[in-house]
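Shared between the two complexes below is chain A, which pairs with chain B and chain C, respectively.
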Partner chain A sequence: MVVQTPNGFNLDDTGQRIVVDPVTRIEGHMRCEVNVDDYGFIRNAVSTGTMWRGLEVILKGRDPRDAWAFTERICGVCTGTHALTSVRAVEDALGIEIPDNANSIRNIMQLNLQIHDHVVHFYHLHALDWVNPVNALRADPKATSELQQAVSPSHPMSSPGYFRDVQNRLKQFVESGQLGLFKNGYWDNPAYKLPPEADLMATTHYLEALDLQKEIVKVHTIFGGKNPHPNWLVGGVPCPINVHSTGAVGAINMERLNMVSSIIDKCIEFNKNVYLPDVIAIGGFYKNWLYGGGLSSQACLAYGDIPEDPNDFSPEQLHLPRGAIINGDLSTVHDVDVRDPEQIQEFVDHSWYEYGEPGKGLHPWDGVTEAKFELGPNLKGTRTNIKQIDEGAKYSWIKAPRWRGHAMEVGPLARYIVGYAKGHEDITEQVTGLLRTMDLPTEALFSTLGRTAARALESEYCGRLQKYFFDKLVTNIKNGDESTANVAKWDPSTWPKEAKGVGMTEAPRGALGHWVKVKDGRIENYQCVVPTTWNGSPRDSQGNIGAFEASLMNTKMERPEEPVEILRTLHSFDPCLACSTHVMSPDGDELTTVKVR
Partner chain B sequence: MADIETFYDVMRSQGITRRSFMKYCALTASALGLGPAFVPKIANAMETKPRTPVIWVHGLECTCCSESFIRSAHPLAKDVVLSMISLDYDDTLMAAAGHAAEAAMMDTIEKYKGNYILAVEGNPPLNEDGMFCISGGKPFVEKLKMAAKDAKAIISWGACASYGCVQAAKPNPTQATPVHKVITDKPIIKVPGCPPIAEVMTGVITYMLTFDRLPELDRQGRPAMFYGQRIHDKCYRRPHFDAGQFVEAWDDDGARKGYCLYKMGCKGPTTYNACSTVRWNEGVSFPIQSGHGCIGCSEDGFWDQGTFYDRVTDLTQFGVEKNADQIGMAAAGVVGGGVALHAAVSALKSAQSKAQTTPTPTNEEA
Partner chain C sequence: MADQVLIMGIGNVLWADEGFGVRCIEHLAAHWELPEGVTLLDGGTQGLYLLPFLEEADTLIVFDAVDYGLEPGTLKIVEDDEVPRFMGAKKMSLHQTGFQDVIATAQLMGYCPTRLLLIGCQPEELEDYGGGLRDSVKAQIAPAVRVALSHLAQMGHVAKPGRTQSDLLADPSIMHSAYEDGRPSEDDACRIGDARFFPAAE
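Then we have the complex of A and B:
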């Protein structure tokens, strides 16, 4: 039967049902089911978040100054971004202003995360959807060297000998018969389009990026003491600055700043010499594979991030843009107010939670959640052995957030579409430049490839911004300001009896918000609405499908039994299920439905 | 591990002839598109010692352990994965998905019965029939038990697998449960921390490969070489503690001079880990060096010990002349019974070595 969703997709669940569980190369646990018609096209898509941790329940009653550490553990991949969102929410609630240096350091750390996350995502989670490492064994190292020099003349690691060494190592690995991570890959699937030389080049960069990513994060280590999960502070940053006098070795000093500076340069170089050229080169072979646009041409949401001024989060102060696009109308970018109870609401009609009233949506400050794990009548299998999910009923641990009732896509592509629509100078220049280089029309942006390209462009832009804020930090220190924390309201006795606040960031995967209520010095309620909650959203009561589901629609599968195309498009969102599925917070309610069995 | 049978041994012991074995090698070669010239090479590799297979499963977690693992500088993560172990299943990094991924895991379990290492990141939730964490349509706890059954040893990566970590903090709504409470008949090496230090993770693996034995474990099942001392014992700011020089407020003069963070809630005095010696990310820094106190992330139940900014105990109990053990004992008495056991650890070294041959260490303290 064909059903049209309000957001414009024709769902037909009559064809062959394909189940992918676990979806791998993502953060966390996810299941995907699709129906494929006789011609191999996906005509129905169902995405299920398959884990839940209940962190906000755990946060209740705790010291709000500790919340960053708890929420940081929502995700170790986008490590730090939840912590930053959390300190912003608590500072907003308690009226704490932070010093300029703290803003610069936070921005440097957040931008550093964007770059790290994007690089690791592209090379280590996503590349194997486009790149066939087994095929790289057939490559001619000399031709690979020529390809490398053509796509990126300034990358120093491009000799035939270099590629031959990597190829030999790869050969040894494959010949051992123990294929490890490459085992059972879909290496003879015609969905892989690269010539062997491009496969060898990209596989080589898989290894280069693995070496580089451990360098990138050292910026977090310097300012936050470790990575993953650096330390943060309500009121500023924990690392003091001392560049001039006694004891400078115990703080951010010249040597530390130099190390940060050199890492920032490495990021810029890698983006310029490797990441962007790879995306353009690989994308060039997949130019005709423009599936996967989903909601991106219709409904995109960004909160914006990277404030210029430490204590002003208004849109004109943000280097990453804020705004909402709906109904495919790029000529109007709507303002987004995360405090407005009418704008952001979460629905649970198809999620394993209960509000007690069907069709009801709740703003995060008033969020109510009771876990309710129940499966629909059309389930195939049993409660603890699901063969086929029933998407007509509840089917995911992810809630369905909506902006003014619309299912939205968030993430690098959404940010870039919002920025492009707003005429954001850097973003527009990057986007038009890329489309020109690749000889593609604007519509090509709305695709899996567009999502992957936007991420690379953003990594490049973030590299420049990182340098900008480093220079700003040094200038400020030069002008005599070494302050990194405001402790005027550190003591809970200085806090109001009741307060509520909201913190926003653009996490690598998209718009992230934390809503907190503080009462008598303790957390009364804490709610996170995270990027993968938006993107991985199940259907809502109106039947609108979420961004993952929409993106899979009408994609042609070369071999329905091998989910290369499904993985490719889902991965283009960089799903983070630990983020999306922890979400719950009763507003004063106790969790009562959980039983020990 | 030396006693792993080669692929060829396994096939032969299952009654497969040499001829069939060579045929299998030829099929493998052609499946990979390698041509007949590679057949003898594949055959040779399969007849010699294989890399130790590792199955790496993920329960309720945040993936920080995997992220930390790939930060390893010595050895490099790529060298571990390409040359030291055979990472046959890891849902975060593997190419295959769905049935193909599950088949890869079953394949390794069958071929390397009793000889693969199971690495567990995260933990199983037991509430709601285990369905707070679903993998392949089933509760994760089933997958964990299945993978554990024929494992040679289990590594519990990080605070989640070792102790429960953040999702097990009160009130633990999913009943997230550490691995040793679900798997009780296998040697388990706990490598706690949120996450553990990258080089500690690869250090544990390479120790097992190099010395062909499990590392010496303390009573909690942690490798003594990395978790035998408190961060405070080896902290470079320790002289300031002994001299009574403390940070009194964030970003004060003492903070800028690198004084001791004890008064800001540093849990270094009660936390057993290698942060102050190995340090983080190739030795660049560690939390205290970067101005924030230790939050105690490698200790059992560290989320439920009050705010991270409370002092571990009264300063009066920390006489500046006292040695680390005395201070540790005093602090442990205040923080909780679980920690008190740490103080006895050094006296129990000989007993711990037995943990290498006996099954799971008892965890009465957990």
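Then we have the complex of A and C:
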């Protein structure tokens, strides 16, 4: 049967049904089912978050000043972003203003995490959807060296001997039976288009990126006191500054600031010499593979982030843009008010929760997290062994958030489309430059590759912004301001009896919001709407499909039983299911088992 | 420089017995004074973020909740080459980077610690979000710590009763007792999950 969704997709659930469960190289657990027609095109897509998450409920009754420490444990990657969102929400509720240095330091940490996440995502989670490390063993090191010098003349590591060494290391690793990191690939699938030399170059950078990411996180150690799990503080940042004398142990001094500065420079170098050239070089071989755009050409949402001045989140103050685009109209960028009960609402008609009333949407301040697990009548299999989910009924642990009723894409591509549509100077310049270099039309942005490229551009931009805020911090300190925290309202006796607040950030994978209600000094309600809730959302009561589902539509699969294309597109969102839902796996050692039915 | 030893607890404290490894580290810090050259780390679920710590260590001792299919609360100790194989049982870390992938990556990069010791405990309950350790697992913290201490002693690192200060532990608000005692009631906080994995919840 063919059904047209209100957001413009024709869903046809006849044809071969393919189940990918779990989807690997993501944080958390997710399942995806598609229907493929006789020509190999995906005509229906169903994305299921297979985990229950109850973060909201475990925070009830806790001290709001501690919420960041819990949210930091939701998952293994966005620790700092959740913590930042949490302290912002609590500060908003209690009317706490942070000092200028705290704003700069938070921005540097957030930008640092953005770069770290983008680099790790591209090289360690996503590259293997485009790059074939096994094919790299067949490369000629000399030709690889020539390729490297052509795509990035200023990258110092480019000699034939260097690539030969890496190739030998890789060979030993593979021969020792430890394919480990590279197993479960579909290495002979024709969807892989790179020549062996490009594969070797990219695999080499996989290793270089591993070394770099170790360095990048040291910024969190310096400002957060430790890493993993850096410390955060309601009212500012938990690191004292003392640049004039020996000062307290652990205080930020010039030596530490110099270290931060050198790490920032390394990020900038890597983005310029390695990351961006790789995306352009690899993308060049896939220019004809422009699937995966999904909702990006019609509905994008960004809350914006990186405020120029502390405590001011007005859109013109934000370096990462805020706005909403709907109905594919790039000429109008709507402002977004996360407090407005009419704008952001979560629906649960197709999610395993209940509100007691069908078709109802709730703003996060009034959010309810009440589980209701039930399966539809068209389910194939049993409750404990689902062969095929019934998407006509409830089918996911992810709620369906909507902006004024629209399903939205969030993330680097959404941010870049919003920025481009708004005429954001840096973003527009980057986007037009990239399209010119690659000789591609604007429409090419609306694709899986566009998402991957936007992430690289953003990493580059964030590198520059990091430097900007570092200079701002140092100037402010030199002018005599060493304040990093405002503790005037630390004591709960200074708080109102009841208060509510919201914290917003742009996490690496998209718009992130925490909504908190505080009563008698304790958390009364806490709701997180995370990026993967937006992107991975199931259908809503109107039948609109979510961003993951939309992105898979009408993609051609080379071999339906080898879901390279599905993984490629889903990975381009950098899904993080651990925070959008909660985890359980019956047997965690299961890897991608594609079940074709 | 003498051998550097890293003692790390991994797992997610928010999922009941998954927090075993992290709680062992807490216990060690609270009850033992460790000699120079021994570092304590709450590794959480940080996956690849842990590489820099591996690079600096010659010996790695890991506490973790591992599903071996044994009686709940059973300790199992494996060493060196056996470690990755036994850690393959689950993945809950950075983007599905199980800890065995972290070790494989460290080996690929040429800086994996030469000695590995895994002190694993069979969990009783993982499917309880927001919950704490079950008694069977909690009872194994002290014995697990003793195993680590005796291995340390064999290497010439003798611990004394006391405390160890470390920056690398959890924030006080999610330390063992604060976390478990502050848990909201079952009425306030739904504790059931996906029936595919919780058939008993029907």
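Some observations on this one:
Criterion: the second predicted complex is superposed on the first by the 575 of 597 C-alpha atoms of A that agree within 3 Å, B and C clash if a C-alpha of one lies under 4 Å from a C-alpha of the other, contacts with A are read in each partner's own complex, and residues count from 1 in each chain.
In the analysis below, a residue touches a chain if its C-beta (ideal position, glycine included) is under 8 Å from a C-beta of that chain, and two chains touch if they have at least 3 such contacts.
Source: prediction; values computed, not measured.
After superposition on chain A, the partners chain B and chain C collide with one another.
With both structures placed on the common chain, the touch criterion links A:V134 to chain B but leaves chain C unconnected.
Once the two complexes are laid over each other on the shared chain, residue contacts for A:R73 go to chain B and to chain C alike.
Of the two partners chain B and chain C, it is B that touches the larger number of chain A residues. Shared-chain residue A:D63: touches chain B and chain C both. In the superposed pair of complexes, A:N479 makes contact with neither chain B nor chain C. Shared-chain residue A:T369: touches chain C; no touch with chain B.
When the shared chain is aligned, chain B and chain C each come close enough to touch A:N231.
Touch criterion met: A:Q213 reaches chain B and chain C at once.
Put simply, chain A uses residues 24-27, 50-55, 57-58, 62-63, 66, 69-70, 73-77, 79, 120, 124-125, 169, 173, 178, 180-181, 207, 210-211, 213-214, 217-218, 225-229, 231, 371, 373, 383-386, 397, 582 to touch chain B in one complex and chain C in the other. Residue ranges on chain C touching chain A, taken from their complex, read 12-15, 42-52, 55, 67, 88-97, 100-101, 104-105, 107-110, 126-127, 129-130, 167-168, 170-171, 173-174, 182-184, 188-199, 201-202.
Residue ranges of chain A in contact with chain C, taken from their complex: 24-27, 50-55, 57-63, 66, 69-70, 73-77, 79, 120-121, 124-125, 169, 173, 178, 180-181, 207, 210-211, 213-214, 217-218, 225-229, 231, 352, 369-371, 373, 383-386, 397, 582-586, 588-589. Per the touch definition, chain A reaches chain B in the complex via residues 19-29, 31, 50-55, 57-58, 62-63, 65-66, 69-70, 73-77, 79, 120, 124-125, 128, 134-135, 137-138, 169, 173-178, 180-188, 207, 210-211, 213-214, 217-218, 220-233, 235-242, 246-247, 249-251, 259, 371, 373, 381, 383-387, 397, 482-485, 487, 490, 562-563, 567, 578, 582, 591, 594-597. Chain B meets chain A in the complex at residues 7, 25, 28, 31-34, 38, 41-42, 45-46, 50-51, 53, 58, 60-68, 70-73, 76-78, 81-82, 85-88, 90-98, 100-104, 107, 125-140, 142, 165-167, 169-176, 194-195, 198, 237, 249-251, 255-259, 275, 280-282, 284-292, 295, 297, 303, 307-309.
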